[in-house]
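Here the structure is laid out as structure tokens; the discussion comes afterwards.
Labels for the chains are A, B, C and D, by order of writing; each one numbers its residues from 1.
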Amino acid sequence: MTALAEAGRALAAEAARYAGMGWMRGTSGNLSVVLDRDPLRLAVTASGLDKGELTETDVVEVDAEGGAVSGGVPSAEAGLHARIAAISGAGAVVHVHALAPVLAAQRWPGGVPLRDLEMLKGFGRAAHDDLVTVPVIDNGQDMRVLGEAFQRGYRADTPALIVARHGIYVWGADLREARHRLECLEWLLRFTLGTILDGS
Amino acid sequence: MTALAEAGRALAAEAARYAGMGWMRGTSGNLSVVLDRDPLRLAVTASGLDKGELTETDVVEVDAEGGAVSGGVPSAEAGLHARIAAISGAGAVVHVHALAPVLAAQRWPGGVPLRDLEMLKGFGRAAHDDLVTVPVIDNGQDMRVLGEAFQRGYRADTPALIVARHGIYVWGADLREARHRLECLEWLLRFTLGTILDGS
Amino acid sequence: MTALAEAGRALAAEAARYAGMGWMRGTSGNLSVVLDRDPLRLAVTASGLDKGELTETDVVEVDAEGGAVSGGVPSAEAGLHARIAAISGAGAVVHVHALAPVLAAQRWPGGVPLRDLEMLKGFGRAAHDDLVTVPVIDNGQDMRVLGEAFQRGYRADTPALIVARHGIYVWGADLREARHRLECLEWLLRFTLGTILDGS
Amino acid sequence: MTALAEAGRALAAEAARYAGMGWMRGTSGNLSVVLDRDPLRLAVTASGLDKGELTETDVVEVDAEGGAVSGGVPSAEAGLHARIAAISGAGAVVHVHALAPVLAAQRWPGGVPLRDLEMLKGFGRAAHDDLVTVPVIDNGQDMRVLGEAFQRGYRADTPALIVARHGIYVWGADLREARHRLECLEWLLRFTLGTILDGS
């Protein structure tokens, strides 16, 4: 099996998992893994398909600008995946449309503050005395503009980016680490929204 | 396999999926696909059955008024399905009792406004500078009255209709497109309700 | 297979379904079907077991007072099941600990009003101009006291009873009708609670 | 099969169940069962693994201080598991990151009061006239400090401990009793939070 097909299989399994959680409704969201570093090559889920029904061939190889290297239609957002992978050194980037991050970005448009919560350890940070601010950038369709906004706010210790009124990106060494970080961060954002709701 | 049986099988699979999402509780909701255009014929899920347990024979062929063509008891709402298919040209119409649309209609009885949200692309609209108003009509038992209300508010670029204190209709070229649009719209309505709850 | 074993199998399948919905957490809730009318005999789920793991033998036959007829430990609530079956003529009674009914009873301790909602049809009532008041009674451990309270508020057209700070009973001709009514009523109660939350 | 492997199998099955409920997101949470009393030995889930994918070998034997007895990396929280088992006499301790307990601790930092609720019976208490206060302690990384705080607030009739901004511990004679108590308590906490949300 080629590296691209192997990546496609892993991406399909991961996408089905997220679809089952309701985080990839319709055909929304996209996932990627890095195939090569020099030059940068990523395997990205193909565009416009049901994320619960991908197969190993529903994957496109893209370059550092998110352009298709050898056929297929990558997600328009492949360019942002590539930028994130290039800047952060991540091996996998996941972009899903979970609800809590988008609600949190609406509430804290300048960045979502999280602090003194055990689950921050699952996001790679400390459980105490370590203010984490999840960056929020404006939505847009030009991935170079989003990429610039991402890069301006990038901190190596904060492996996530919320795109306002859109969704969230989280990254890690591989798909599993990215998922664990995403799951913990999504929990943290639900907690933070919940403390507002109950007035505490 | 006849076209009706094939439609019945597709409708049963789709209904089981929605039932699993909690959008067809009890025997609520109904789904249809267009079998013929001239004259208009639809395959509609049979009335009064558990939507998680339909088989390929739990389907009725109806005409443009929603009347049964060859036996079986169609849903009373078949007439609205047919009207929507006739006016919009859709190949599939889904009607489910998801909670968010009905809550949103309660909050915005004159139509639910949505704007500047990425998920609108999954509903067939633009992510920016494109005000989408999801029409809301009063509930009732006379499908001709509902059909007239639908038609008065119909816009070709807005493939959804909320019936207040009842449920939602969404349509598309086929069951999959209708589902993708429904999933995205339901997400958008939960987001919109959520922004009110957290006061942002 | 005896009638009791057959009932046990049906009750186990139904309980597993409710457990999967989160409506029978811990060992909470109990389900029954009528085996005989004269004298009244019911098959009730056995007490203290995980409702997601019942087998066809985890069932007890009880009389009109909820006493075991032939061995086994019935739920203490069997007496209320029997009373409901006797008064209403229902063939199946389900008692689950869904959250929305208990929250609704907290908000409307004198009975939960529902009106002008399509889902009321799935509860056996009209979608328009038909005020449904779901009775609420105080919780207690003496099933005769609860049974008296049920009987005082009983109306043949309202097949449900909420026990405050406890759970809900719904009944019907058989387990499926009881489930369909319960699913629709639970939806209605979530809707009603939701309209308060969003201030509409 | 050794006792440790048997425990590992039971812990893996239980962890997968909690992961499916969303209570062990990322690699969060840990479960234990007592292997021996004199001296105290527990089997604890291994650290840093996906709780939905454990196998029978992903388990570590620890002593009364939570130190590994024969290889493997136990969760840092093993020391608190051991302390709870020692003090309470429980045969199983489960620690999960369900959301409701952490939200409730935020709202009631001095302990979460619960009273006059049927589900308290599933937590081992009375349904009436029995005020239950679920202890809340501050989060921290030193398990001896947490253990002291636990012990100061310990009451034999209250088999749970919430660690603020972190998660919940619940214990019982075995994994099943611990689960039943946890499920009932989580329901009670959602109910209590819900009554605040709807203003009743």
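As a working rule, a contact is a pair of C-beta atoms (placed from the backbone, for glycine too) under 8 Å apart; a residue touches a chain by one contact, two chains touch by 3 or more.
Just so it is clear, the structure is predicted and the values come from calculations on it, not from any experiment.
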*With centres defined as the mean of C-alpha atoms, identify the chain lying farthest from subunit D.*
B
*Where subunit A and subunit B touch, do the two copies share over half of their residue numbers, giving same, or under half, giving different?*
different
*How big is the gap, in whole Å, between where the Cα atoms of subunit A centre and where those of subunit C centre?*
44
*Distance-wise, how many Å sit between the C-alpha centres of subunit A and subunit D, to the nearest whole number?*
31
*asked:* Give me the residue numbers in subunit B that touch at least two other chains, ranges are fine.
replied: 197
*Draw the chains as dots and join the ones that touch; what shape do you get: line, ring, star, complete or other?*
ring
_subunit B-touching residues of subunit A, taken from the complex the two chains share_ = 25-28, 50, 97, 99, 102-103, 106-107, 139-141, 163, 165-167, 193, 196-197
_Which stretch or stretches of subunit D touch subunit C in the complex?_
116-119, 122, 127-128, 176, 179-181, 183-184, 186-187, 190-191, 194-195, 197-200
